[in-house]
Amino acid sequence: MTSETSRVEAFSDGVFAIAITLLILDVRLPSNIETGKLASALLKLWPSYLAFLTSFGTIGVMWMNHHRLFNLINRSDDGLIALNTLLLLGVTWVPFPTALLAQHLLGSDQYIPAALYSGSYVIIAIMFNVLWRYVVKRKLVVDHANVSAITRQYYFGPLFYLIALLIGFKNATACLVFNFLLVLYFALPPRFWRRD
Amino acid sequence: MTSETSRVEAFSDGVFAIAITLLILDVRLPSNIETGKLASALLKLWPSYLAFLTSFGTIGVMWMNHHRLFNLINRSDDGLIALNTLLLLGVTWVPFPTALLAQHLLGSDQYIPAALYSGSYVIIAIMFNVLWRYVVKRKLVVDHANVSAITRQYYFGPLFYLIALLIGFKNATACLVFNFLLVLYFALPPRFWRRD
Amino acid sequence: MTSETSRVEAFSDGVFAIAITLLILDVRLPSNIETGKLASALLKLWPSYLAFLTSFGTIGVMWMNHHRLFNLINRSDDGLIALNTLLLLGVTWVPFPTALLAQHLLGSDQYIPAALYSGSYVIIAIMFNVLWRYVVKRKLVVDHANVSAITRQYYFGPLFYLIALLIGFKNATACLVFNFLLVLYFALPPRFWRRD
Amino acid sequence: MTSETSRVEAFSDGVFAIAITLLILDVRLPSNIETGKLASALLKLWPSYLAFLTSFGTIGVMWMNHHRLFNLINRSDDGLIALNTLLLLGVTWVPFPTALLAQHLLGSDQYIPAALYSGSYVIIAIMFNVLWRYVVKRKLVVDHANVSAITRQYYFGPLFYLIALLIGFKNATACLVFNFLLVLYFALPPRFWRRD
């Protein structure tokens, strides 16, 4: 059974919007702050701000790519819905490693949350590749102009997050900053990656 | 009064999307973890991961079935809206038994959350049957080709979750794993269950 | 400036869907339950279940009425958007008195959360009346058949929740049960209230 | 690549709806209230009510302006999506300074959360200006009648929130009340600001 994609997009938009908004719930001061210590407590919270910004940007970029992808898809089938749900599973998962990384960014175990954080993005980036190949193979795509450009751009996703993962084994803060830079890279439109 | 179903679907999509995304809020480490104990604390959290995955999958499958169902429904009436709201009550409830089961999966009282978890799904599966019978009886369905196949598939829902419930009285982990396997079963498209 | 209502409905659907789904976050066991006490702890949580069910039903009925209302509205203007936002303020507020009532249902101060709970619904019911009168007066309504029936039904809303408020001063549980019965009353379609 | 704006609006509606509804999660009594102290505890919570009302109103007004803006926009491009995502970052951030201001409204450090609160709105107001100039410059706007009126109204946003910021350095409560008054100002439709 094939059908149009509007309700799949509506459900996906909902999940993206909620996951991206829930991130702020983990930016939180301890409740027992002494008088006069508020400013320093807010400054000490910088790992939470950086993790919030990076995960917001990453989910935002995922949504933009999902949006671009489904602009090219004109039909839906059961396989697409199942693969899209797996992708949304990844998106929904993001707030957990984000909170963990923010809390343990400077700890002696910092490589663990850094690896979990970047590892989650490696898997989501692979999911995007799997989803894209599926819709190309099943000819659910309406506009063939961008196919090879998108395929090429998507190759870089898992690779770059793998680099982030490796950085994370050395230094969690550097890993988080690298992830933030990747947000900027992926925010660039596909025409930057097309061979002219 | 009958009307088209688009706004019922939009509201339902919202509830499904939020319920499925809230599940991650209950995957959470204790805040007071000693240095060097982070890895083992993360490993000990496996009941939360398994419960998250299973409930995400189950709500995802419910959404897919809801999507398939409303693709076949071309009109809405007050009874459909009321029954759909009851179904959404079930979906909204899911995070509570999920968190309870994750927390007590290995406790001596494990049969209680396991029964509550599977029992909730039994009731939701019955609600799907009631909703489906209602739309068939009221002739709100546009495409009569799949009616009997769906009716037949829907029979199995309450039955399978009843089996999960019985397993839960023996072993909560086995119950949760069985529920995870049911996700795979229900993710299969209706053509698998049609007599050809 | 007048425009069609679809995006107002989409935003409203989002707020209704989130408010109704957040209710489950307040159904929660204390984390430090002794072995063998899980069953009794779950039974003792009945005020939370009853409050969850009643508020879910009430918000569900509000959504159904909002849906019926906007089915009759074919244009939007700035006043409608402002009044609708005020109505959504009421809907968003509901989880707070719900959690408060569940927690203090049997306490000596029970009349306070009961009054706050029913008082919130009185104000929301008045908001529905104000919104309805506005759209009738500004002729934003497409179908004049149901106007007087809806006007008549909406009269009862504030009145009934005022009765709930009075009951709350005597007994919070009776107040909550009365609110639950009101869910059933308002779930009935408008044709029950039309003079034939 | 340009495309229509419906999915950008759907995603934005989701983020606005969730951010506005999450605000209620921070209106919360301490759990250990003695018998007979419930009324006074509820009264003492007034900073939370005022902060909730003001932030709800402010996000509501932002949504209304976003709605008006996108009613005038008939095409989308990558730059618009990126700027809109930055705007949503601001909206998603709001619950954090709101909770902080409510908790420390009467403390000796009150100027800190007041400055953070109003400062966040200054930046969001600037974002609205940047977004608006972008769509005007890229000719993504369908209706040229309101362009100069909107441009003029948008000038006042950053200015007024800057005044709120300055008030916050003197008195956090006065700052919050001023922000509440700004809600009423911005709820007024653009025709109030048009030169006739």
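Note that the chains take the letters A, B, C and D in the order they are written out, and that residue 1 is the start of every chain.
In this section, contacts are C-beta pairs under 8 Å (C-beta built on N, C-alpha and C of every residue); 3 or more make two chains touch, one makes a residue touch a chain.
For clarity, every value in this text was computed on a predicted model and none was experimentally measured.
Peer 1: Copies chain A and chain B touch; is their interface built from the same residue numbers (over half shared) or different ones?
Peer 2: Different-residue interface.
Peer 1: Using just the Cα atoms, superpose chain C onto chain D and tell me the rotation angle to the nearest 5°.
Peer 2: Angle of the fitting rotation, chain C to chain D: 90 degrees.
Peer 1: Measuring centre to centre with CA averages, how many angstrom lie between chain A and chain B?
Peer 2: The computed centroid separation for chain A versus chain B comes out at 26 Å.
Peer 1: For chain A and chain C, let me know how many angstrom lie between their CA-based centres, rounded off.
Peer 2: 36
Peer 1: Multi-chain contacts in chain C: which residues touch at least two other chains?
Peer 2: Touching at least two other chains: 10, 14, 17-18, 22, 25.
Peer 1: Using the touch definition up top, name the residues of chain A that touch chain B in the complex.
Peer 2: Those residues of chain A that touch chain B are 1, 3, 7-8, 10-11, 14-15, 17-19, 22, 25, 78, 81-82, 85, 88-89, 92-93, 95-96, 99-100, 103-104, 107-109, 112-113, 116.
Peer 1: Can you name the residues of chain A that touch chain D in the complex?
Peer 2: Residues 9-10, 13-14, 16-18, 20-25, 27-29, 31, 35-36, 38-39, 42, 53, 56-57, 60, 63-64, 67-68, 70-71, 187, 189-191 of chain A touch chain D in their complex.
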